[in-house]
């Protein structure tokens, strides 16, 4: 079976696993106060070119979103997100469980336009009754988005500006950031991204780690007592080293970016093959998630040989499906899939 | 430096790490639907002698407590715990963050007596205004307790009975369960414990895993939509296999219990040495946490050679400290510490 | 100044005030256990032709919505509402504060179509990942809606059916129910409405009371420990009699309906005048809220003589405004306003 | 039947009701933006001798406590209260529902000693693991307490100091403040109290109003967007005038204090009679709640003629009961009760 189901279907990149084995018996304090976390933080700061950045490691994506949003919003505020945003649809109401409303605005191909946000905020403050509504306190975006698309640097700068205009924070969900940054279509570097976000996270789970996300506050303005809030939401890991060791490995000799390049290169090969063989793309994704439309017959045939995700049934009877590459995808598997097309 | 700071200061038991390496490249679906989780569940069911039990893997202890309690309590209910219980004092208000009150009752040496619970419940229902108070809906205990002490089977049975009498669930926090079950003072087996609890968790983080706790519903009555509630509280792991592989290793050939035995044997050796050399015990613990009282001079001297936790300053100027053994503790380190006493 | 700002800009209907004065010195227990509440409950049951109904009095609308929704939803559930629904936009995130997501669906003229709800639910359950999303557990509608429009009996029956099909409760916000039921366009009676809702409230604040809403469970299935949940959300009134006395007055000799008739008759007179004089209606409302479009010049002129609410600025520079009648509106004021048009 | 059950068993003081009638038809905007609220705020500021104070009217006591505490605490903070405090025991977990822990400390006769608070805070900050615990962010006290006792000015000043030392706010629940201030044992005035609290509320419900509490921030530092938070917790009243009119009446010509004096004078007469006739007092209360111990025979006999509350069954078979006076208590009823003793 050829496996393109997701980018979290194998364990960890071998170098990550090696590092876990090497450090296994070194005694270190818990709760992220170990030397591996310290080293990983430093390496991330260096990669960001932000020596004063705060970095906090959390276990998973929904947890990171929920903790970051609920720790930064004031009680009277909600968070703006695209209607397709992960927090809008696929986190089981985690943001609402923490007491905050997700203010879903229409996105385009998974992206939220600065103009859409500005219009919403202008109308909000113009409304005389706005004290009866949750205030927009943050904008949440994903890079790449849930549909594999990418914000350009100009789009991100525009969102950054509107956030500044209306006193909101800009939070970027980078669950697949490595795949985004290494896309040929990406026109910004990690340090450039740091200039335009108030906080973001560097996804580990989907980019070579067993688990873990690194939440970065580029300006070094992590809220006070953040650790207490993390613990309150059940996100503090006793063996914080597990995250530190992994991110230390991922940010050693550019492994994180190498993983991104590998997956993107295979994804582009696959995309070219889909196009060449006349398949319609459901979304034109420049990243490691490829969305293709299959007929019932194609779907039935491919499913016998490959694992991939059913994305959405289409009105015309065809089906949008998703193929995902990762650090673990082998070129021979991509070639075998292409042969099947 | 001799390291007795905690049982979460190293990585994982080598066999756990080996199993992670062996299975690393096997592709499996996410969110706990992989075959490693399935296998681990079966092995836990077998160890519990409860073929119909539900088992759900979570990442850490506070998360497991918060998810279990908030998923099982009705909205009008709180959870009874000893005043020294982990949820009462050391979880940053995680239970309250989920909307429920911890009803702290006085414990003795970390344990909650059935009589204390029964008295509280009787008084509660006798109070004509009890509809104005949170109802007692669950009893939370730890085995071993935060002070290293153990409930006897008779004490657990008595708590089980009072829970039945007042329609409450009995939840046992087994963060260190392996060390409890293997104590020479423990008079119950895991299957016997299963008969007396409505739910409990088998701690992995402190007993040889990198992370992970196995929440067990011995009667197979895990609440419907439990996964949705886990996700809502940020506790769902994309790579659920990380937990499955580890628990599969821990429950293969009795590794979990072997780890317990190893740590207990060293803890008992240490305890005997403390007694022999005239040290006062702060608590008489039959498990892997040993609480000793040190003079200022002893404290200063020992700290030069060993890492251990300051537990509490005492009114007479002395200090209660904690030494912890684990799967990672070496006999030679225990001997070296004894030599220092 | 002619006052058409809202239906909560005066005190109480004189008969309500009289009854408060008459009963003032009668000693009765608190928390709704007084004889006035008992009597009011009976009269409401009679008006509903539901002798077994449960009735609970709360102080205000947002409170009633928040308490009802958070008490009836399971933890994994959200509530479906029109995107213009009061809970979607104008309750400051009160539903989210209680931990539940408002699942906003597009409405038409303030109304939620059964088909829209059915489509959402069908797609939800067809989605293989729906355990990662909040479940639809309730449908919230308002009668009349926030735009003054009314559901027909057939529309309500269709919503009732889709709720039954997908295991959801149907909750009707009747903040202005009296004005809805007395509209010439309303094709259902209160007893008929009772057959089609799982719960609803009879608004008092906007229909003649100083404060108060009567939450009705027509089938008598109010959740157990509802009072505890009300108290938990700060909604229990020590002097519950204040609500009982008022509803007792409102449901004596049909006062509640008489108030509705009075306001509707004046609203219809006003609406006819607007139409006659060539004003455009922003919404065609058959109830006590009339939405009219004014030019800048008309707006400036009318504001000198009358108080009314700015509803929304329109793209063409004109403004939608709202005129509201109530029990307190005098015919001479309506005539004076008409003269000004 | 002689009625001493509580101080919320009748309607409103006649002058309050009169004022409601007089103002009934005056049209005013909603949500507390009416001129009655404005006037009442000014009169309260004058009574407090704090012209810059912020005053916000809420409907009931639990609501006021929940809104004030959840609006002022940071997310990582809990609120310290006596173990007998209303928020600790009788608010159905309302504080926890808002996500915050009540840190209950042992009180004495219902009062929390500054030393107890200081000891707790000192130990908290000395504990190296305190980031794993909810921070003490506020101290909650009641004046008079739930047992009718009073803080002296010196005790309040000591609490004020410890709050300052540890960065906590001091919140005083004045549900029965009028009865406290008018007690012969009270050694402080309302302006003096204002100097020592960060916020407090002046109870209306139990002191002559139909409903309503006036939350006062003497320093004028009400949090921004407080109204939004009030609405979020369901506490905003559409007809805010209902509260404004009542407090305007209560603070006209000293009515609030006159009510206090009346009730206290009758309570003292009753207390003297109890003592004279050899009854034991359960608590020595200088305010309008009197706690007496009755034998089974006395209880049975008195219950035939008088309504009062069973407070607590005592181990010796006797019963502690509570008699309460209020603005509505008539001297002849007190005399009749005394005759029965």
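All chains are identified by letter, namely A, B, C and D, in their written order; residue positions are counted from 1 within each chain.
Please note the rule applied: a residue touches a chain if its C-beta (ideal position, glycine included) is under 8 Å from a C-beta of that chain, and two chains touch if they have at least 3 such contacts.
All figures in this text were calculated on a predicted structure; none of them were measured in a lab.
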Self-check item: Labels of chains that are neighbours to chain A and to chain D
Solution: B, C
Practice problem: Could you find the chain whose CA centre sits the greatest distance from that of chain A? | Solution: D
Quiz item: So which has more C-beta pairs touching, B-C or A-B?
Solution: A-B
Quiz prompt | Separation of chain A from chain C, taking each centre as the mean of its C-alpha atoms, in whole Å | solution = 42
Quiz item: Any idea how many Å lie between the Cα centroids of chain A and chain B?
Solution: 33
Quiz item: Between chain B and chain C, what is the gap in Å from one C-alpha centre to the other?
Solution: 50
Exercise. Would you mind listing the residues of chain D that make contact with two or more other chains?
Key: 76, 91-93, 97, 99, 131-134, 228-229, 231-232, 236
Quiz item: Any idea which chain D residues touch chain A in the complex?
Solution: 70-71, 74-76, 99, 131-135, 225, 227-229, 231-232, 236
Practice problem: Under the touch definition given earlier, write down the residues of chain D that touch chain B in their complex. | Solution: 76, 78, 89-93, 95-97, 99-102, 104, 126, 128-129, 131-134, 310, 313
Practice problem: Mind listing the chain B positions that touch chain A in their complex? | Solution: 1, 3, 5-6, 8-12, 14, 17, 20-21, 23-30, 59-63, 66-67, 91-94, 97, 205-206, 210-211, 228-229, 231-239, 241-242, 245, 307, 328
